[in-house]
Structures are given as C-alpha cells and as structure tokens.
C-alpha cells in the first residue's frame, strides 16, 4: 500500500515534468497562459488514459513469462512457503 | 506443496525482501513501458485529450513488442546465470 | 485538535511511512523542477559561471509556472479520487 | 538527515552526469583537457547557483498549495497526532 | 546482496528500455520482426560487454579518490569501528 | 585505530545507514557512467554484437574522463562544506 503511494507520487512527478516540458516553452510571463493550461490538461488526461490502456494490455499478457528470468522462479515457491505461516 | 516447511525469521525476511524487490521491478517495468510507448505513439502537440484510433492500436502493439523485448533480454540474461 | 488520540504502534509506523513518502515526493519535485528549469533557462555552453539577468528572470518564471502545472495536475488527479 | 545525505549524493551524481555530457565530447585523450575542465567548473557552479535560486523561489510559494492533492490533506493531522506522543 | 538484486533488476529494466528505443520504431505489427530481434540481441550483448569493461576500468581507478568528498572521509573510520564489533 | 570504541546501537545504525547510502551512490555512479559512455562511444545501429577497437579505446578514455569530472566536482562541493 505504501509502495503504491510512493509510486503514485512518482508517477505524479513524472506527469508534471512531461506535460511542463511539452507545453511550456516561453517565460515572458510569471503565470500559466490560457493555451498552456489547455495543453497541460489535455496532456495529463491523455497520459492517464494511455497509462490505463497500457496497464490493461499488460495484465492480459502472462506475468509469468515476463519474469521468466531466474529471479522469477523463486517467487512461486515463496508464496507456497509464506502463505500458510500467516 | 512446500507448506510444511517452517522458514526461520531470517529466511522470511529474505523472501519478503525478494518479493518487494520484484514488485519494485515490476512497477519500474510498467513505468518505463508507459513512458516509452507514450513517446513512440502519442502526438505531443495535444490537440485533443482523447487517444485516437491510430494511437490506440500503436499503444497495443507497442506494449506487445516491449513485452517481447523484455522476454528476449530476460532469456539472454537468464541463460545459466542470474540476471546481470 | 487530535492531540488526545493515542495511535497504535502500527498507525504510527504508517503515519511515519506516509510522511517519509511525502518528503521523498517533495525532494523529487524539487529535483525535477531544478533540472527542467536549468534545461529551459540556462545556456549550456557555460561561457561564464554566473547566472545573467535574463537567466535569473527566466528561472523565477519557470519555477512559478512549474508550480502552477503541479497544482493544475494535482487538481485533475485529486478530484474525488487519490492521485492516479 | 540520512535522506538528506542520499539526496545530496543523488544530486552530486546528476551534476556530474550533466556537466560531463555538456562539456566532454572528444575522446582522443585519457585526461580532461584544460577547456573541458573550465567548462565543468562553470557548469557545476552555475548549476549550484541555479539550484539555490530555485530552492529560494520554491520556499516563497505555499507548500500547502503545492501538495493540495488528497495525500497532502493527511499530513497536517499527522503532525497533530504524532507530535504530543514524543 | 539484496541491493545487488535490486540493482540488477534496475539495470535489466534500463537495458530493455534502451534496446527497445534503439531497435523498435514501427508499430505495424504486434510481434517483434526478425531484424528488430537481431538488433535487440546485439544491443543487449554489446551493452553487457560495455558494462563489464566499464566495471573493469573503474575498479582499476582508486575508489578513495573518487569519493574524496567529505562523506567519503567518514567511511574508513567506520570500518575501523564496526569491524571488530562483529 | 578506533577499534576500542564501543558504539551504541544508534551509532551502529547510523553508520550502517551511511555505508548503505554510499553504496547506493557508487552503484548510481557506475550506472550513470555506463549509460553515458555507451551513449558517447557506442554506435547504436548495432551492426555487430562485438565492441570494435575504436569503441573500446573510447570507453577507456570516457571512464577515465568521467572519473576526473567526478573528482573535480567532488572537490568543488567538498571545499569546506558537505556536498550540496
């Protein structure tokens, strides 16, 4: 759960960085201009929709295969061992 | 199947740490995939806030290909020796 | 106002963890802002080691705009549901 | 305090990466050339001055507003609860 | 040891990101094309060889000098203090 | 030389934390150096999987120069005050 919070905050920071970089390029003014704000809104919404789509597609692929490297083979037995101990 | 093995506290900690690392790895994989496919597929002029059909199909293929590359490199790294 | 609530050890740990995460988030925000505004405002040919007047005013405006974008996206994410 | 150390070290690594990338481009020699060294010095000094200015400007903006997302609303009450318990 | 695992996994993720970025650019197909696969294999092998060479060269340089900043001066005495306590 | 000092548990934890941070720093230095020198020295069209002679000598010089820059900036940061 705390990992999730940290990752949300990290994603939030990346989103700000990306949309700022893509949408803000002039520094004649101190405050965000109207078209910059529109751009940022669209950028954030588009990225979130994209992120949800990636998550959806990724879940439909087999995680087992993704982690089909050595470290991945440790995990299934972990679950076997740890679960009953609770 | 391994249910009657009683691991020491040390083992448990190790296993928990391992699971945590793997979770971190998965989150990072997801984040990198998301960033990369956004760069490759989405027009960054943001003329609208919806993903259009072309972008959507590009994203699906990008996720699929990224996953293949992850597997391919995993196989290269995993052959005989641990990753890296 | 909530001073007479006695939180369990578990709660304390959770709260401490939360505060730590937020601190991490702030440090990362500061780092990203610093890197981004340096890229946008400072000439990377480094003809001198001082920031000139143009660079200084660009930096001030960049910080201000970056902060606005942070708030704007925070509002978008925070409306009703937690960030993300 | 330890978080601070880690973040200083992370900033240090980023600074090295940035100034190396901006100042070093030829690899005919094994050691740093005079004009590369001058460039690196200026880059580092300029970045540190920049970093201090950003910090100063950022502190003058309201942190409360910056963290005006849901997670931010947890913090004030944290302080209320945790402080007296010490 | 766990730090090592984490860093391996981080390196693994960076390797995937790099080779994907350098080798995959068209999205007309759902699966990796033959020449993309060849490119990814070479990229990964080349990066690993490179990484080993960097490690080798870096070990031959004095670490003491690399960490010749304030924090580095704490470590030698740490070892003096901690080692006998074991 | 400091072998007969018996540090409290708190000190040990601090020292351990410090050592861990420094290890993290070194790993990050290695990773950044590796990424940077790969970008500067290796042809990213990947016509073969071997590093050629030109790439190898570039890598050696790149590591050496990166290390010099690390030292140089370390000196700038370390003069009188802690890094940053």
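Going in written order, the chains are labelled A, B, C, D, E and F, and every chain counts its residues from 1.
By our rule, contacts are C-beta pairs under 8 Å (C-beta built on N, C-alpha and C of every residue); 3 or more make two chains touch, one makes a residue touch a chain.
What you see is a predicted model, and the numbers here were worked out from it, not measured in a lab.
Chemist: Could you work out which chain's C-alpha centre is the most distant one from the centre of chain E?
Modeler: Result for the farthest chain: C.
Chemist: Looking at C-alpha means, what's the farthest chain from chain A?
Modeler: For chain A, the chain whose C-alpha mean is farthest off is F.
Chemist: Hey, how far is the Cα centre of chain D from the one of chain E, in Å?
Modeler: Centres of chain D and chain E (C-alpha means) sit 23 Å apart.
Chemist: What is the distance, in whole Å, between the centres of chain A and chain C, each centre taken as the mean of its C-alpha atoms?
Modeler: Centres of chain A and chain C (C-alpha means) sit 18 Å apart.
Chemist: Whole-Å distance, chain B centre to chain F centre, using C-alpha means?
Modeler: 27
Chemist: Touching two or more other chains, which residues of chain B qualify?
Modeler: As it turns out, chain B has residues touching two or more other chains at 18, 22, 24, 29, 41, 60, 64, 70, 74, 77, 82-83.
Chemist: At least two partner chains per residue is the criterion; list those residues in chain D.
Modeler: Chain D, residues with two or more chain partners: 5, 7-12, 14, 23, 41, 45, 51, 69, 71.
Chemist: Please give the residue numbers of chain D that touch chain F in the complex, ascending.
Modeler: Contact set of chain D toward chain F: 2, 5-17, 19-21, 23-25, 27-32, 36-37, 40-41, 44-45, 48, 51.
Chemist: Inside the complex, what are the residues of chain F that reach chain D?
Modeler: 14, 17-18, 21-22, 24-25, 28-29, 32, 36, 40-41, 57-58, 60-62, 64-66, 68-70, 72-74, 76-77, 82-84
Chemist: Report the residues of chain C in contact with chain D in the complex, numbered from low to high.
Modeler: 1-3, 5-7, 12, 15-16, 18-20, 22-24, 26-27, 29-31, 33-35, 37-38, 41-42, 44, 46-51, 55-56, 59-60, 63-64, 67, 70-71, 74-75, 77-78, 81-83
Chemist: Provide the residue numbers of chain E that touch chain F in the complex, in ascending order.
Modeler: For chain E paired with chain F, touching residues are 3, 7, 10-11, 14, 18, 22-23, 39, 41-43, 45-47, 49-51, 53-55, 57-58, 61, 63, 65-72, 74-75, 77-78, 80-85.
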